Amino acid sequence: MLHTINKSPFSTDSLETCIRFLQPGDPVLFIEDGVYAVQQANRFSETLAGVMKNNPVYALGPDLDARGISNIVEGVSSIDYDGFVDLVVEHQVNSWL
Amino acid sequence: MLHTINKSPFSTDSLETCIRFLQPGDPVLFIEDGVYAVQQANRFSETLAGVMKNNPVYALGPDLDARGISNIVEGVSSIDYDGFVDLVVEHQVNSWL
Amino acid sequence: MKIGILLKEGPYNHQAADTAYKFAEAAIRKGHTVDAVFLYNDGVANVTKLMDPPQDDRHISSRWGQLHKEHGVEILACIAASKRRGICDDVLIEGSEITGLGNLTDIAIRNDRLLTFGD
Amino acid sequence: MKIGILLKEGPYNHQAADTAYKFAEAAIRKGHTVDAVFLYNDGVANVTKLMDPPQDDRHISSRWGQLHKEHGVEILACIAASKRRGICDDVLIEGSEITGLGNLTDIAIRNDRLLTFGD
Amino acid sequence: MGNENVKKIMHVMRQAPHGTIYTYEGLEMILIMAAYEQDLSLVFIGDGVYSLKKNQDTAGIGIKGFAKTFMALDGYDVEKLYVDRVSLEERGLGEEDLVVDVEVLESSEIGSLMKEQDVIIHH
Amino acid sequence: MGNENVKKIMHVMRQAPHGTIYTYEGLEMILIMAAYEQDLSLVFIGDGVYSLKKNQDTAGIGIKGFAKTFMALDGYDVEKLYVDRVSLEERGLGEEDLVVDVEVLESSEIGSLMKEQDVIIHH
């Protein structure tokens, strides 16, 4: 199951809540303001590292560019809208609003 | 200066952000979903106790009633819309959205 | 005391429109003047007369219209925000008006308080 | 693959309407079928033809209308949510329709995926 | 493995009531979907658990209350109501504070239920 | 103590850009207010600091960018731009990451500035 997160981890509890329900192997895709989670060296770096131990992590490239985030955590895959579609084709979706 | 907070402390960072900027003596008024902060024995009880050391704390009674919160932390004053108006007349206002 | 209100969210979806109204009502009841309610962001949707909520629910745009009629409260929607969201003169409830942000600045200057309600 | 989309926020105020559109575009480009976009909560405001954004900005309701015209994507607004917010047949962009939640249930049943975009 | 024409649809309630309309309109959606004989479930996570709090009286804020509507779900054969234990506990609430009978589950159990779904809608 | 007809008006930017329109429409409000010769200030707190991030390119999401508009504020005599140090630091950002010159302040300093205001508007 694909989990999408569209909120900054600083402003809402979306990321931290989602994490509690994640199953090992489930891919996580950060979109919209959610992409701030994958910027290097912020307060949530450790949280993200924890997620990456058991789950593949993606971030939507156009949303990263829009926010000027180029230094993303190693191991996070930046994908475009086509890549988003591919993930949806492969998995059922759980959009954490 | 009167600070109002209208979000649940569990879902957004409004309460924790507001606290950093509060000046001693400034009244804090919880309204709408913000009133969950003054329910007894939740995860934010200690945070609230910290605020109450230096600041008077109010909660909007109609919002408490709407949410079924009767066990509010001792020392928090429940006020109605008239009381809200009185606080606004007495202070400039900083509404943390 | 003279009070202005800035309302930043649409009707029904957020409680802001209700809290702003209840506050205005109470302020007037206590003898204060509510000079204006300025609608910004999605708040502009507060004044569409096309809304048609269930019979047993409050009618938010009518309520703002009444507040204008009975207490002279100006009900103003920002023009730029309104254009983005499809609010125009054709759909405005009686007693409300579309106007510029200069008007909000005047409201901020001429009132003792400017209170914000939003999300 | 057949995909349905549920959009829960209004245009411009939240990015949800843009992300949903970009996703739909990409899915169609890659040969999938986007069956329907169902608008709920403030999302119903996506289809008002009265919106009039700045010249150099995207026109969100026209864009949905085009998606219907060019790719047969149903653009549906929930009737109960629409009534609360002043969206009615008079203001609908061509190619969109007001309908009931039963239709959303059908969309959930007949598609391989139902994706939600919101706040 | 079950009827191919029956979909597993999960509604996730994550918002506090009254401050926003999401839970209320979510409930309107659930009531309609209930007529379609799908495999529906409701999960209450985070502030969503507040929707089930007893003794809500919305008269003072002028908004219609709806906590009692959750009690009506049983009559529509919607019987799978799950509540996240952590969410309840960190809010100082227990099952006895809620208007309906629910099943309180661990996060991991809710996580596996999520994984079985065809459709998940957050409100 | 200053001109009685000049009001101290503070705009507080607290939201990330693009995900919502609040910061953008906030900026539109500030540009109009700037013409009225009031004592305006802008404060960036929490995710609001992201609005000032360099190298934002919104072409891919199809939304107009506006980071550069903050640079234009100077031309409108809006020169009081304050950034909360903690908000910057916990986001792994420094002054060199921002599109405009700002004054980085401690929370307590911003708190006292707030206390002097006649009007505070959060965006």
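Here the chain labels run A, B, C, D, E and F in written order, and each chain numbers its own residues starting at 1.
Keep this in mind: a contact is a pair of C-beta atoms (placed from the backbone, for glycine too) under 8 Å apart; a residue touches a chain by one contact, two chains touch by 3 or more.
This is a predicted model, so every value here is computed, not measured.
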Most distant chain from chain F by Cα centroid: E
C-alpha-based rotation, chain E on chain F, 0 to 180 degrees, nearest 5: 180
Interface with more contacting C-beta pairs, comparing B-E to B-C: B-E
Between chain C and chain E, centroid-to-centroid distance (C-alpha), Å: 33
Distance between the centres, which are taken as Cα means, of chain D and chain A, whole angstrom: 24
Whole-Å gap separating chain A and chain F, where each centre is the average of the chain's CA atoms: 27
Multi-partner residues of chain E (at least 2 other chains): 18-21, 46, 61, 63, 118-120, 122
Residues of chain B engaged with two or more neighbouring chains: 6, 10-11, 13, 32-33, 62, 80, 92-93, 95, 97
Residues within chain C bordering two or more other chains: 8, 12-13, 15, 19, 22, 41, 114, 116, 118-119
Pairs of chains, among all present, that meet the touch criterion: A-B, A-D, A-E, A-F, B-C, B-E, B-F, C-D, C-E, C-F, D-E, D-F
Chain A residues within the chain F interface of the complex: 6-8, 10-11, 32-33, 36, 39-43, 45, 61-63, 65-70, 80
Chain D contact footprint on chain E (complex, rising order): 5, 7, 9, 21-22, 25, 28-29, 32-33, 35-36, 38, 118-122
Sites on chain C touched by chain B in the complex: 1, 3, 8, 15-16, 19, 22-23, 25-27, 29-30, 32, 113-119
Contact set on chain D toward chain E in their complex: 6, 8, 40-41, 80-81, 100-102, 104-105, 108-109, 114, 116, 118
Partner chain E, residues of chain C touching it in the complex: 12-15, 18-19, 21-22, 56-58, 119
